[in-house]
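Each chain carries a letter (A, B, C and D) given by its place in the written order, and its residues are counted from 1.
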Amino acid sequence: MAPLLEVRNIKTYFQTQDGIVKAVDGVSYDVNRGETIALVGESGCGKTVSALSILRLVAEPAGKILAGEIIFDGVDLLKLSDEDMHKMRGARISIIFQEPQTYINPVLTIGRQISEGLEFHKNMSPREGMQEAARLLKLVGIPHPERRIYDYPHQFSGGMRQRAMIAIAIACQPQLIIADEPTTVVDVTIQAQLLELIRNITKEFNTSLILITHNLGIVARYAKRVFVMYAGNIIEYGSAMDVYHFPCHPYTAGLLASVPRLDEPRKVRLQSIEGQPPDLIAPPRGCAFQDRCAYSIPQCLNEKPPLQEIGPNHYTACWVSQKGTRPWQK
Amino acid sequence: MLRFIIRRVLWLLLVLFVVLLITFVLMHLVPGGPWDREKALAPKVIEALNKRYGLDLPLWRQFINYIGGVLHGDLGISYSYSDRTVVSLLVHGLPKTLTLGVLAFVFAQAIGIPFGVAAALKQNSPVDYASVLFATLFASIPGFVLGILLMIIFSVTLHWLPTSGWGSVQQVLMPVFCLAALPAAQTARITRASTLDVMRQDYVRTARSKGILESTIRVRHIFRNSLIPVITIAGPMLADLVTGSFIIENLFAIPGVGRMFVQGIFARDYTLIMGGILFYAFTIAFLNLVVDILYGAIDPRIRYE
Amino acid sequence: MTAQANIRVATRPHHTLWGDAWVRLRRNKLAMAGGIFIILLALAAIFAPLLTPYTFAKQNYNAILQGPSWTHPMGTDQLGRDTFARLLYGARTSLAVGIFTQFIVICIGLPIGSIAGYAGGKVDNYLMRFVDVMYAFPDILLVILLRSVLGGSIFNIFLAIGLVAWVNIARLVRGQILSLKSRDFIAASRAMGGMGRHITWRHLLPNSLGPVIVSITFNVPRAIFTEAALSYIGIGVQPPTPSWGTMIQDGFGLIFAKPYMLLFPAIALALLMLAFTFLGEGLRDALDPKMRR
Amino acid sequence: MSWIPPGMPDYDSILGQDWAFNPTKAQQLLAQAGYPGGKDLPTIKFQYANTGTNPVLAAFLQDQIKTNLGVTITLEPYDSKALSALVNNKQYSWAFYGWGADYPDPDNWLPQIFMTTGGNNKQNYSNAQFDALSTAALKELDNTKRLKDWADAQKLLVADCPMVFLFYRQTFVLQKPWEKNMVTTGMDGNAGDTFLRNVYISK
């Protein structure tokens, strides 16, 4: 069965004063119906830009999607007319943003901002919209929804605002939800509740979910497949199990090592990956991770390793591991 | 909300009282009295006049009488227009000053906001540069200089418009334009800046992610937020227009409150001066109060519980 | 070590706030044009004697009300005085008024604003009510009253205009300090034992300097305009010191006969105010941290 | 220059000849007064109401005195009320003000301003002989005798010169050629300066 969404070799560049930033430089991934995948990587590796590219929300004139295709349910979104794209956004693909504080309009009531999408896509009347908004707020676990729809964002706590964001995203029962770091802003307890909520919703409505995060801890629990991004490229992807237990890229191994583990003795020093992500304006020739990689070989410096299958449905872009050795494996 | 209004109204009354007090003191400090004329009046005549208008009483007594009068709505009789009460003079002058002020205000918003918005939506386009240039040009030329330049062009050379007077439409055009030029420019600039700022906000991107039409996004999300700063300056701006028009009234010889007020100062017409200041101070304070209340309406975050 | 060599250092050369502001200001052509015009005008005003043989007071009765000619580039007034010379010397008055009033504005506005902002509570309330009173006054009318009381010497004009114009600075500084006070770095400084005055002086004021400078550059044209308006009504600077306002006032009487007498000072005033506005805008964009690239 | 303006009875054009413009004599007088060339003369403030053409006039005077006598006087403009107060309370140093006839007769020009007890006597001018002549003239019914008294009084006045008479103000009346027989008087600017009673239009 063809995947719901196929992102093929997307290139999204940004024109800045200091030069062209290659934020997303040839990224491909796919999502099946009802499946949850995770897009993982340090901040600034292009996760969010790739998500925004799907919805064609990249800020014009600075940012442009130069190449690639985004096949969603058999249709290439990049070829769609603006008018059709409007019909797609919110109705069939929606997005949950990271900062509930700034991503909700402070001067409109919460109910109004939820019913907006419904009024446009399902041409409900404002009254019906508000009732549906109340139902959605109930669904996402906000008490006394029928009163709360008339409240303003500043009257909601951080966690509740994020729940409202989720309500906005699921309003028209989209087929695909992109969750861009949905829980980074809230504390751990609320984080768990929100993720559970999102998972139940995706299960209930058989919605596909792209979970974008830099927090590897939650990825294992929620995503079936994991795509690790670094400097605008996918450098490793596979099932969560494979990637967690047999990381085939030094960067993935480094990421996993830096996650503090409960089962380890407390005295062990926290590990971190030295150095800074490369400058995306003039990325180095060869592998982008080379100057931070402890196992780099001459070939890494000159040639950019392509993604190659290293195990069943497990791909990596690293010369060292493609030669069959994984020195970073303990 | 009501408690807030009452508190503000009380403050307003106190501010008015203090303003009147300061004016009263300043007024009496200014050299020369109402009765001094080139052809000196006989001392006895001056004495009689002072008695008639209560100027022989000690100053603090006069002030208390005046405040007493104000509370009863009696602003006293003008010295220079000896048969007219100050209230009737104000009522005579008010329509002209208010028309000037309000027309200029409307003109300023009607020109400022669209220009500002257009410039923001089409940033770095010819529209943007034109509007910024227009805004800066008119923001820097003082009203009465602009008035003079217009007069030279339209009255002296082209003879299209009369240079002064009141009543016909032609007589209103130039004064209103001069008065409105500065506020129009300021409105355009602030609208442009705030619209640009709002367009970069994240909630606009959320709105776009819902797929709703760009036009709806503009009205419901962008303008609803970007017009807040415009409204906050609208109140003081209207107050400035109504009270600042006296230079334009002088230039175009329009018998409004402003012109009367300035003549009042030169004629040492104490009751007229006090009446004028009362009108101006009240307008400014009242309009500021209106803006604060309005402000709560448009920006829920500022609701005064 | 070749790997290290071809990696560009990601960080930019470190600029101080003012260094950065200067770089951005220089890039803003309009602001530069404004700045240069002001400096040129100031120089012309200072070196006026070199630029024109005439002085502002030298009367020449057989050259009364002449149009612009080679001998008198901008014509002459009712007493045969050269308009161009009066413009230059007039520029001294206008610039002096514009700049010196700001000292008074700062001396009064800054302390009141910062005390109100920092002290808060009752003090803030009373100070702000006092500011409301000053704000309720129609400013030019207050200046007229003050000017009539103080008399016409140029220092009284500074005082009169300054006494009225400090209100905006006070409100601005208070707003700045209120918003800065809640920021974390103030709490941090307080946590390290910073005393009230120290915090205000070391942290709050420097940070609110940006908008204050910007508002001053906008206040200068306002002050010049006020002085011109005063002279226009007839109670401006005492003759024989020429000021553009008095020149406009004199010229206004002959608007139909000799419009040029009015045109030159009017255009000069407009250009000077334009220059200050451009400069002000350029400074605002340059000093606004959000605009930092 | 006679105090009473042309077009009014008792106008005397030859009066005050020796006060005519004569810089050298002025400098001599200044020297005699102990201030040769204006040296250590206390600064004189010329105070005037800054309405109409006064400012221009003041600047002209200042320049003339500077060029002809080398004396610098400072200009102090007031608004009209302030100046009137200053002058009426006799606190002025050098003030500039004028007089317009209420009715065309020396009776309105002389006693009020120059008699010791005159309401408008702001320069403390007191000349017993002038007072005597004025009181006589005020009571005199015979017109020619009355005017003679006033003429003598004016001669005294001009000789004492309590004020410096500068100029007679003129107003210009623009008249169409076909407007005939309009009568204008010396009342210039005040009521009664033009009589239209028997004006007729001839095309």
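Going forward, contacts are C-beta pairs under 8 Å (C-beta built on N, C-alpha and C of every residue); 3 or more make two chains touch, one makes a residue touch a chain.
Only a predicted model underlies this, so the values are computations on that prediction, with no experimental measurement involved.
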item	value
Pair sharing more residue contacts (C-beta pairs) when B-C is set against C-D	B-C
Furthest chain, CA centroid comparison against chain D	A
Interchain centroid distance [CA atoms averaged], chain B/chain C, Å	22
Chain centre separation (chain C, chain D; CA means) in Å	46
For chain A paired with chain D, centre-to-centre distance based on mean C-alpha positions, whole Å	96
Where chain A and chain B are represented by their mean Cα positions, the distance between them in whole Å	54
Touching two or more other chains - residues of chain C	148
Set of chain D residues in contact with two or more other chains	79, 82
Residues of chain A defined as touching chain B within the complex	55, 57, 85-91, 94-95, 97, 99, 102-108, 113, 116-117, 120-121, 152, 154, 165, 168, 171
Touching residues on chain B, where the partner in the complex is chain C	11, 14-16, 18-19, 22-23, 26-27, 29-31, 136-137, 139-142, 144-146, 148-149, 151-152, 156, 163, 243-244, 246-247, 250, 261-262, 265, 276-277, 280-281, 284-285, 288
Interfacial residue positions of chain B with respect to chain D in the complex	30-34, 36-40, 42, 266-268
Of all residues in chain C, those that touch chain D in their complex	57, 59, 78-79, 148, 152, 234-235, 238-240, 246, 250
Chain B residues touching chain A - in the complex, by the definition given at the top	201-203, 205-213, 216, 220-221, 224-225, 228, 298-301
